[in-house]
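Scrolling down, you'll hit the structures one after another.
In the two complexes below, chain A is the common chain; its partner is chain B in one and chain C in the other.
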Partner chain A sequence: MATQAILGLFDDAAAAADAGDALKSAGIPESDYNFLTDVPYPEGALGEGMERHRLYVWPLLGGAIGLIAALVVGGLTEMAVPMTIAEKPILAMPPLSVMCYTGALLGAILFTIIGLIVALRPNVGIGLSDDRISQGLVGLLVNADAEQRSQVTDILNQAGAVDVKAGS
Partner chain B sequence: MQEGKVLPAAQINRDLLRSILETPQWFWPVVSLLGAIVLAAAITIGIMINTGLGITGLNYKVVWGFFITNFVFWIGISHAGVMLSAILRLAKAEWRRPATRAAEVLTIFSLMTAMIMPIIHTGRPWRILYWAFPYDFARGIWPNIRTPLVWDPSAILTYLTSSTLFVIIALVPDFAVLRDRTTGWPKLVYTLLAMGWEGNPRQWKLQIIAGVLLSALILPVFVSVHSIVSWDFGMAVAIKSWHSTVFAPYFVVGAVHSGVSAVVFAMILLRWAYGWQDYIRHEHIDALGRLLIVVATGWFYFLVMEIIFGIYGLEGDELAVRALQFLPGDYGVAYNVWMIVFVGITYFLPVILWLPKAWRRNLWIMSAACISVNVGMWLERYLLFVPGQANKQFQTFTWNDYLPQWPEALIVGATFAFVSMLMLLFSRVFPLVPLYDIKEGDILRTEIQVGRRTVPATFRED
Partner chain C sequence: MASETQAHHGDQSHSEHGHFGPEMWVIPEASVLVAEVNEKQRMTPGIWRVIFIAGGVLTVLGIVGFVLKALSDGFSDHQAWGFYIAAFAFVFTLTASAPLAACAFRFTKSHWRRPLSRIAEIFSLVSLVNILLFIPALIVLPDIGVMHESGEQLVRRSIWFQELTNPSGWLMAGMIGLSLCSVAILWVAAMPDMAQSRHHVSGFRATLYGKLAGCWYGTKRQWQVQKGGLAILGALYFMMVVFVQFLIVSDFAMAMIPGWKDSILPPFYTVISFQGGLATILLVAYVMRRWGGYRELIGQAPFWAASKVLLGLTLLHTYHLFAFFITYWYGRLEVEQAILNYLMFDSYLGIFWAQLFFTFFIPFPILVSNHARREGWGAPLAAVFIIIGLMLWHIRIFAAAFAAAPAVEGGLYYLPSDAFSFPALLLPPPEATFPGIADIFMILGGVGIVMLVFRIGMMMLPPLSLWEMKEGSMYQRVDTLIRGRYLVLGKPE
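Let's look at the complex of A and B:
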């Protein structure tokens, strides 16, 4: 069944949270609505569930890969060109540890960004939105099917929405 | 410390995006002037490459002069970004909000400028490829990873990559605001950069956690970069006064000293240029002034320790360099006079200016103090590197002083124009004060009753 996006705009975060609760009570699953804000509200301030993520895994993975890459490249370079300096060993650990430190951190940082991009699932196009959200209003975006449209609009209006817009 | 008033989000957007959506009358003339200086420097670099380094004051003894001094200076300035942004973000310091973006951007442009210096200093810049990316199998040229001169580019490139990604991630919500306010090709560019940002709770959570993770990961890079830069000198056994174990922390603290001072001056300039009095407030400059007193005193401790470590061993060669640095002698350049000037303007003068609260809140005095620190920190690097080379060394029988010539002076001067120009151009296309950070500070702000007083407070989420 075709769904339509409906956006309610609230000038108060508490009213938007109440509207979210009312939608939940009306049987609309949490996955079908989303809050849109111009600032990061404390988690749960809008009544949304805790977001789960695995972003912490990425820097660990990247750090390990960076460390191994630096160890291999640095170590192989030293052994491939066995420059004898005084009686120092060919495979010198102090310089190699500097390379490994830098490599591990670079890997961790790059993989954090990769992890973020994977988790955000970037999409150039955006759904129904309103410029007033960037001016402080809280948006509540609902994907409703044909049967629910009027019910959702009523819920948003009753919760105190300053405006309710429908997408095409 | 919450002195400003809470502003409506619409006004915050209008004020902070004014530099992008409207062009001030002074903008292009100033950028053109700075561009002309940079162009003059680029032509000079061309002449220098064509005729050789002989047109500079560099000579057989003093091979690291103005260019390497300037390299270390700009690497130092770049440390402001992480100091302010990452440490204060992790510490949840409320007053960081208007300063972080400018500090991070200054980091990127300072690093880019710093990297130009050793490249042109080589005389034949294309050969640096064999050194920094040296896998030239055909000619059998390989990197010697035992030298800090190879660690250096890897650390600096890691720092540049990290800082750039850090800034981009922090900019994504602001790209979305710009996407909704522009038309034509700028809208297309901002749409691509915003990556579909809507501002839903999941996006905000991931963006904040990524910011915290990157802050925590960049901090060790920040410490390692200037440590490795210091090892360029500290591991050179042959040159007395360079071979010191205290160089790494000394350089890192010095970098924070000059970098934070540069950020304070940049913030004062931006406040004046774009009318951001409601965002960059006296309380922010005051807080940075107090931080600078601590950092400056830490730096002064390391300066004294560096000198004591040098003298303590009573090695003849080392003492000769120290005599060159501190005692009047029959030299063309009076290093001892410069030493007095440098310590005075880097520590005593600015700290005296930062001590009274009223002076920390006077933007003219703060500007003077911060410029003084940076002139002094530039001199510090010069006085640290050049006398050691100019002094007579083991198995060499020449004494040469270093007198910089016009190409070095012009190129070094132009680096300041280059960074200023890049900062201005950045402010023309991206907000230099993070919009959502300012708005977040406002929504978390409240007032609490303590006894008979109502005091401003801020909610914090663990």
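Let's look at the complex of A and C:
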């Protein structure tokens, strides 16, 4: 079923939180609406649930790949161009540890950036925004089905929205 | 309690408010902050033109110096490039630690850091220049192992000893990783500000903001990912910057003076870098506040608070210097005495004392003074002396190290059978090396390129962390308690 984006703008964060509660009571799932803010509000301040992300997996994965790659490249370099010094072993662990640390961190950084690019994509279809959010207004964006549109608009208006906009 | 949430611009008398009155803080009006900062960015007061032109001229001088040096000496003799290495290390020292300040003070959730965060992060752009500056440094760095005419392999002692004949690839990987991480921090931190500023800019900046922050809407999930991303990148940056500093000082200073083995030098260099980074941030913040048109947005509190950190780092710098000296002084090995004479008490005696005055004897009393710190000019003034002192430190350590020994057998290189004999090569210590005109140009070019790139960064990106300042205004207000007015801070975490 086709959905439409409806954006309610509130000059009072408490009113926006009330609107969120009203949407929840009306049976609109939390995944269908989003608060748009110009600052990070404290956890739970707008009555929304916890949003989980798994960003930490990316540096761990990248770090492991980087570590293995550095170990292989460092080891192969040593085999290819051996430096024979006194009775010391061919494979010197201290400099190899320097290479492994470099590789692990480089991998972790690269993968974290990839993870951020993936995770920063909005988790709902957002085709509607308003510049007034950057001036402190709180936006409540709802993806509503055709039969919910008027109900959602009423909820937003009753909660005290200063403006309600509908997307295409 | 009567509360006030409007801006306080630091002009009131603080005598009735104790030593840390609310007038030191700026609580901006959040609803107009984006428009206000974008307007200030457009105005371009004269100081920014001066910085841009001076930076450009000095950068051109640096390029001229580099070309002159390359034409006259080539790249085969590392001893000719000591001052270039000093200039590179100086730029690296000042700029690599600056983004860390944004991360560290964000970790500690201090409110006073908010006007400083973006200034610190914009130095990430200079880290891209660091990659370019690093290329000639790697070219002139002598190999770890070279073939003797007899066909036997000669070696020099370094952290890569036994493993690699040339560590350039790994050194560059570290530098690229560091730059990548710092630029990512800048991107993630500036994304909300770029998105919010899209409607206030036009032309190139509008296109740039659209590309870099087009996906930002300020959803709860995006704020959480941004917070997590900054935490992870900040931690990785800290792990990386300390490590790359260790590589730079080990390879380009310690390993270049045969027999110099000092476990204090890498942490000493890290402390110096932290000190230089913070000093640079405070100096820039002061210029922005005093002459750049941002007086109403940067209060005195950042200077007051950060000056204490700078004082601590200045003391740590001096402690490490003393620890370095005293260990070698009582050790009294021949090579240790030679190194002390070379770097401190003979060859580079004048520059050593000059550096000590600039990094400790002058800034220490300034930073200790409550009056100087509270008025906001104390820390930036101390920063000027510290930055000059650190330039002298880099000349004394890096230029001296590169000039210490030639890349020949009995100089930097040994037969493998002699590689563990810890030779004292510096008897008598070599004479100090003085910079030629090309060297002076390159050092000035190092300063110029930092000014130029930073200024370009300020033109392209929101120069203040708007979302953090707005967040701060949500958590701060001035309230009355009995008869005094005090700042009240909300601490949600």
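Assorted remarks:
The criterion applied here is as follows: the second predicted complex is superposed on the first by the 160 of 168 C-alpha atoms of A that agree within 3 Å, B and C clash if a C-alpha of one lies under 4 Å from a C-alpha of the other, contacts with A are read in each partner's own complex, and residues count from 1 in each chain.
By definition in this document, contacts are C-beta pairs under 8 Å (C-beta built on N, C-alpha and C of every residue); 3 or more make two chains touch, one makes a residue touch a chain.
This one's a predicted model, so the numbers in the text were calculated from it and none came from an experiment.
Of the two partner chains placed by superposition, only chain B is touched by A:A80; chain C is not.
Of the two partner chains, neither chain B nor chain C is touched by A:E147.
In the superposition on chain A, A:Y56 contacts both chain B and chain C. By the touch criterion defined above, A:E48 reaches both chain B and chain C. Judged by the touch definition given at the top, the superposed model places A:D131 against both chain B and chain C. Applying the stated touch rule to the two superposed structures, the overlap between the chain B and chain C interfaces on chain A comprises residues 34-43, 46, 48, 51, 53, 55-56, 59, 74, 77-78, 81, 83, 85, 88, 92, 95-96, 98-99, 101-103, 105-106, 108-110, 112-113, 115-116, 119-120, 122-124, 126, 129, 131, 133-136, 139, 141. Note for the complex: chain A touches chain C at residues 34-43, 45-46, 48, 51, 53, 55-56, 59, 74, 77-78, 81, 83-86, 88, 91-92, 94-96, 98-99, 101-103, 105-106, 108-110, 112-113, 115-116, 119-124, 126, 129, 131, 133-136, 139, 141.
If you check the complex, the residues on chain A that touch chain B are 34-43, 46, 48, 51, 53, 55-56, 59, 74, 77-78, 80-81, 83, 85, 88, 92, 95-96, 98-99, 101-103, 105-106, 108-110, 112-113, 115-117, 119-120, 122-127, 129, 131, 133-136, 139, 141.
Residues 30-32, 34-35, 144-145, 153, 155, 159-165, 170, 173-174, 176-177, 180-181, 184, 188, 191-192, 195-197, 199, 215-229, 232-233, 236, 239-240, 243, 247, 416-417, 419-420, 467, 470-471, 474, 492-493 of chain C touch chain A in their complex. Within the complex formed with chain A, the residues of chain B that make contact are 8-10, 13, 142-147, 151, 154-155, 158, 161-162, 165, 169, 173, 176-177, 180-181, 191-192, 195-210, 213-214, 217-218, 220-221, 224, 228, 435-436, 439-440, 443-444, 459, 461.
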